[in-house]
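So, here come the structures, one by one.
First chain A sits with chain B, and in the next complex the same chain sits with chain C.
Now for the complex of A and B:
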C-alpha cells in the first residue's frame, strides 16, 4: 500500500478502523507453529521432509479454504454448521458426474462450485430474510443436505472415480516444484479474501454487521444481501474443497465424506483469532489455525502416539488460543 | 430474542415495554400446543395409512411404545441443553455427546472391570459427568469464554480421552449384558395388561430426572435465577444474583444428565462403546435441534420442560412412522429430511408470528443476527 502525503489524514483514520496488518494472535500462532515444527523435526526426523510436509499441506487445504468463507460468516456474527452436508452433496454429485459422463476437470470443478453456491445461498436467504438465528437454520439445512447427499449415494459407494481431478490430489500430478496445487489455490483464496476484507467497502461492511447489526443497517449498509453473500461464498468454497477431497481420496467415495468437517473448520477459525461474537477476525489467522490443527494431528501420529490423542490437543489449543485472545482483549479495553 | 436486552432502535418505548408482558407466555403456549397438535396429526395420519394398507408393518400402540427406547437419551440430552441454553450469554453445549461417550466408558470400567456394585457405579458415573460439566461451566461462567468455544474444545478433548482410555474398543462382559435389562421393555405392574410394554428406561431414567428438573425450574429459587440470568445477565447481577455460579450449575447439570445418558447407552447397546455419543454427526446436534424445536430460545431465558418432552416425542415417533411408511435405507435417510424440515418450519413459523405481533404491520425490518448481539 502506497501512501501519499495528501491522503495521510484519511489513511490515519482508516488505520484506526481497520484491524492491524498482522494481529497479535497471528504472531503467537506463527511462533507456536515454528516451535512445534522444530520440536517435531527433532523428535521425528521424517517430519520436516518434503514427503511429510507435502501431504500435510494437501490435508490443510480444504479446511483452510472453507475456513475463509467461515471467517466471513463468523465476522458477521453468524455461524454455519451445515458445511459437512454441503461437502457431501457436492462431492457425491461431482463424483457421480465424473463416473457417468467423464467430463473434463474444469466442468467438474465448476459444477461442484456452482452446486455449493446454490446450497450456500439457501442458507443465506433463510438466515437473512427468515431472520432466525444462523445456528438454528444451518442445523436444519445440515440435516436436509445430508439427506440429499445420501439420496444421491443411493445406499452404496461411488466406485471407479477417474483421475480427472488429480491435479488437486496428493500425487505427483498434484504439485509443482513441491507445492501442492490445492494448497496454492488456498493461498490465493486467502490473499484475495485478506484484500477484500481490508480494502473494499463490502469487506469492511462485514465487520460493521458483526459489530452491531442495527447500527450497520442504520448506517446504510445493505445487511441482508451481504449476509446472503457470505453464506453463498462459504458454500462455493465448500464445493471447491469437495473437489480436493475427491482428488486426495481413493477412487471410491463413501458416505462418511465430510463428516465432522464443520467443527474442524470452526476450530481453525477460532484458533485463528476470529471472535465468535462477530466484528473481529482475519483469514490469515484462519490459515494458521488450520495449519496448527493439522500439524498437531499429524505430529501425534508420527510420534507413534494414538491418533485420537491429537484431538485432545486440538481441544486444548482452542482454549489456549481463545484464552490468550480474551486476555489481550481485556488488556486493550483497560488501556 | 428478549426485548429487554435488544432495544429496538427507532421504535417507540411504549411498544417495547408492552412486548414481554403478553407476548412471551402466549408464544410458549403456542409452541406446546403446536407440538401437541403435530403429535396427534402424526398418529392419526399414520393410523389412516396403516388402515389403507400403505405401511410395511403394523402401526400399533406396541410399536409406538417400543420406539420410546430411543426417546430416553434424546429427551434427556435435550433437557440438558434446556438448562444450558436457558442460562443465556450464548449458552450452548456441543460436548454432551462426548460426555456420553466418556462417562459410558468410565461406567463400563467401574462396573465391569473393577467389579463395583451397580448403584455405586451409576452414582460415580453421574458424578464424573457432573465434573466434566463443571469444567465447561468454570471455563464459560468464570473465565468468560463463549460457550460455543468452550464446548467445541471439550467436545474434542472428551471424545479423544474416551477413545484413548478404552483403546478404541467397546467394553462388554456378563455384568453389562445383564444390565441390558434396564433398557428393555417391561409390563407395568397393576395396569400392565391394559397398556403396551414400555421400555423400563422411561421410568428408571427419564421420569425421575424430568420430575426433578420440572421442580427445580419451576418451584425453586435456582430456577428463577436461571431464567433471570438468561433473560438479562446485567439486570440479574444488579439484583444480587450470583450469575456466574448460577450459570456454572447449568453446565454441571448438563454434565450430570449426560453422565446418566452414558449409563443408559451402555444398557441400550449392552456394551460401553467409546463412540456411543459421537459416532456419525453425534448426539449433541440432534439434542440442540430438539431443544430449539421445543421452544427454547437460543438467546436464553425462555424454554420449558413440556416443550422439550413433546418435541422429543414428536421426533421419535416421526422417525418410527417414517420407517413404516418408507421402508429400508431410504426410510433412515428420510428421518434426516424430516428433522431438518420440521426444525426449519417451526423456527421460521414462530419467528414470523413474533414479527407479525411486534411490527403490527408497520413493516419495520429487524435483522436476524441482532439476537447474537445479546450474547456479548
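Now for the complex of A and C:
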C-alpha cells in the first residue's frame, strides 16, 4: 500500500496517489443491497416502510459503529475478538449505574465510552508493546473481560433499567423525522472515519502499517502509538454501542448481552471489502456490509423462510468476500 | 510471503469463529467438600448432598429455582449445590455434571441442554452410585429416576393459546417467536398450540414460527419484522423467558399497544413493566421457586427411599397440586400460573 512521505505531501501529490473515492467492492455491495431491497420491497411490500427500515437501521447501528473501529484494526493487519467482552462489561456497568444512581444520559454514555476506551487500550498496549499476534492477545482479554462482566452481573440480571437512554432506542423517542438517532450517530462516525483514513497522515499511516509493518517503521511511522490508538478507538466505540444495546433491549439486562457481536462485526468488515490481510479497506464498505447482513436476516424473517437460512447467506457472503479479496491480492502480486 | 500471510488470514478467521465455541466459563460454588460416593439408601437427610445443574446460570429463571432449592435445603436439612454453565452449552454443562459425579454427590438433578448427549452421562453417574433425575427439562430416554415437571405440555400450550385468544378476541393472525430451534419442551408446547388453535379457535391462524436463540434483542427484531411482513398480525407469542419480554418490547417500540397483543413465558419481574403498559396481555409460567423446592424435596425422597407419591409433607399452598405419575416417572408441579399486572409484583424473580 501507499506510504506517504512525512515531509513531501503537497495537496496535489497526496491526491494523486490516493486510491479512487469509491472502490469496486463498495459498488458491488451497493448494487447487491439495492437489488435485495427492491426484491424484498416487491415480495414483502412492508419491507420498505418506515416501520421496517427504522428498526433495521437501529439494529445495524451498533454493529456498524464498532465496525468503524474494527476496520481500523483490520487495516493494520490486526483483529479484535474481544468486542463481545467489552460490550458486556460496558453494558452491565452502565446498566447498574443507571439503576443504582439514576445518572443523566450524558454521564451514562461518557462512562460507557471511557470504560470501553480503557479496556481497548489494554488490548492496544499488549499488542503494540507485547508484539504477540493480536488474535492471541484479544482472545485472552476477551475471556478476561467476560469474567469481569460476569463478576459484575454476579449471577443475576439487572432489572428495572430506567429509560434514560431511550433516545438511542427503537421507539418513538429514538428517532427524529423517522431517522433513528443511533444510526445518525453511526453515520457521523463513518463520515469522520472515512475522512480520517483518506485525508490525514495518521489515517494513511494505518494502511502503511497493515501493508508492511517493518517498512512502515523504517519510513518513520510511529507504529506502536498508532496501534494502541486503533484498539482504544474500537473499545470506546464498543462502549457507545453498549449504550445503544441497552437502549434497544428490554428493561432487563442479562449476561447474554454482546454474545456473538464480535463475529457480526468482523463479518460486516470482511463483507465490506476490508482485506483480512491488512493494508486495504474502507469504513463505507463496513457500513454497507453491516446493512447487507441485517437486510438478509430481516428479509428471511419477513419472507417467512426458515430462520437458519440467514446463517447460510451470511456465511456465503463472507466466503465470497474473502475469496475475491484473496484472488485480487494474488493478481496484484503477479502484476 | 504470500502463503504465510494467507495462512494468517485464514487463521484469524477460524480462530475468530472458535471464540464463539470456546468462550464459556463456569463459576465454582464456594465451600463444598468433595465426598466419596457411597451407597446412600436410607441415609440421614443431614448427610445428603443434592446437586442441581441448570441449563445456564445467571438468568432469573434458574436463579429462582435455586432460591427454592436452598429453601428446601434449609427446611429439610440437606446440602444443596447449584452450578451451571454461563451459556446454554451442552458441553460446558457436561463438564459440570462430571465434576459433581467425581465429588460423589448423593442426588444429581439436571435440566439438560441436550437430552441426547446427557443420557450416557446420567448412566455414568448412576453407575457411580449417584441418584440421577431431571427437572425443568426431561431426558426421556435416559436412566433418570424421576422428572420433576413444572407443568404438563398440554397445560402450558393451552394456557398460552387461551390467554392470547382472550386478548385477540378469539380470531386473527398470530406468530410465535421461539428460542432454540431444537429445544424439546418449546417444540412440544408449540405443537399443542398449533393443534389447540386449529381445533378450538378456527378463526385464528398461526402465520409463522421463528427462532431467536436465547437472544432478547434478536427476538425483538424478529417480532418487529413479523409485524411488518404481516400487516394483519394481531398477536405474538414469546415462547421462552428471553423472547417473552422481547416481543412485548417490539410492540411497545412500534407504538402498537392495543393493536398487537402478546403473551409469553416470562418471569414476573421481567414482564411487570410490559404487563403494566399493556404491551403484554399475560405471562404464563409456573411458580419457579416452588419448582426448585419440589426438586429438592424429590431429591430427599430418592436418596432416603421415600415415596414420591406421598405428597402429604408438602404443606405450602404453592405445592398443593403436586401429583406423581409412576408409569412415566413424572412429578408434576400443577397447572401453570398466569401472571398479570396485578400479581406479577408479588414475586421477586
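The rule is simple: the second predicted complex is superposed on the first by the 307 of 335 C-alpha atoms of A that agree within 3 Å, B and C clash if a C-alpha of one lies under 4 Å from a C-alpha of the other, contacts with A are read in each partner's own complex, and residues count from 1 in each chain.
By definition in this document, a contact is a pair of C-beta atoms (placed from the backbone, for glycine too) under 8 Å apart; a residue touches a chain by one contact, two chains touch by 3 or more.
The structure presented is a predicted model; accordingly, all values stated were derived computationally and were not measured.
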- request: After lining both complexes up on chain A, report clash or fit for chain B versus chain C.
  value: clash
First, second, both or neither for A:333, with chain B first and chain C second: second
- prompt: Which partner does A:323 reach: the first (chain B), the second (chain C), both, or neither?
  reply: first
Query: Regarding the shared-chain residue A:201, is it in contact with chain B (first), chain C (second), both, or neither?
result: neither
Message: Is A:126 touching anything from chain B or chain C once the two structures are fitted on A? First, second, both or neither.
response: first
Message: Which partner chains sit in contact with A:142 here, chain B, chain C, both or neither? Use first/second/both/neither.
response: both
Query: Between chain B (first) and chain C (second), which does A:224 come into contact with in this model arrangement: first, second, both, or neither?
result: first
Query: After lining up the shared chain so the two structures overlap, which partner does A:266 touch, if you call chain B first and chain C second: first, second, both or neither?
result: both
- request: Go through the superposed model and pick first if A:314 touches only chain B, second if only chain C, both, or neither.
  value: first
- prompt: What stretch of chain B clashes with chain C when the complexes are fitted on chain A: 7-15, 25-33, 43-51 or 277-285?
  reply: 277-285
Field: Common interface positions of chain A, toward chain B and toward chain C
entry: 77, 79, 81, 84, 133, 135, 139, 142-143, 146-147, 150, 155, 259-260, 263, 266, 270, 276-277, 308, 322, 326
Of all residues in chain A, those that touch chain B in their complex: 76-79, 81, 84, 126-128, 130-137, 139-144, 146-147, 150-151, 155, 209-210, 212-214, 217-218, 223-224, 227, 259-260, 263, 266-267, 270, 276-278, 306, 308-312, 314-316, 318-319, 322-323, 326
Message: List the residues on chain C that touch chain A in their complex, please.
response: 2, 5-6, 8-9, 11-13, 15-17, 19-20, 23, 25, 27, 57-60, 63, 86-87, 181, 207-208, 210-212, 214-217, 220-222, 224-229, 231, 242, 245-246, 248-250, 252-255, 269-270, 273-274
Query: What residues on chain B touch chain A, complex-wise?
result: 9, 90, 92, 94, 139, 143-146, 148-150, 152-161, 163-164, 167-168, 280-281, 285, 288-289, 292, 298-299, 328-330, 333-334, 336-337, 339-341, 343-344, 347-348, 351, 355, 365-373, 375-376
- prompt: Which residues of chain A touch chain C in the complex?
  reply: 44, 46-47, 49, 51-52, 55-56, 59, 77, 79, 81, 84, 133, 135, 139, 142-143, 146-147, 150, 153, 155-157, 159-160, 169-172, 174, 245, 248-252, 254-256, 259-260, 262-263, 266, 270, 276-277, 297-298, 301-304, 307-308, 322, 326, 329-330, 333
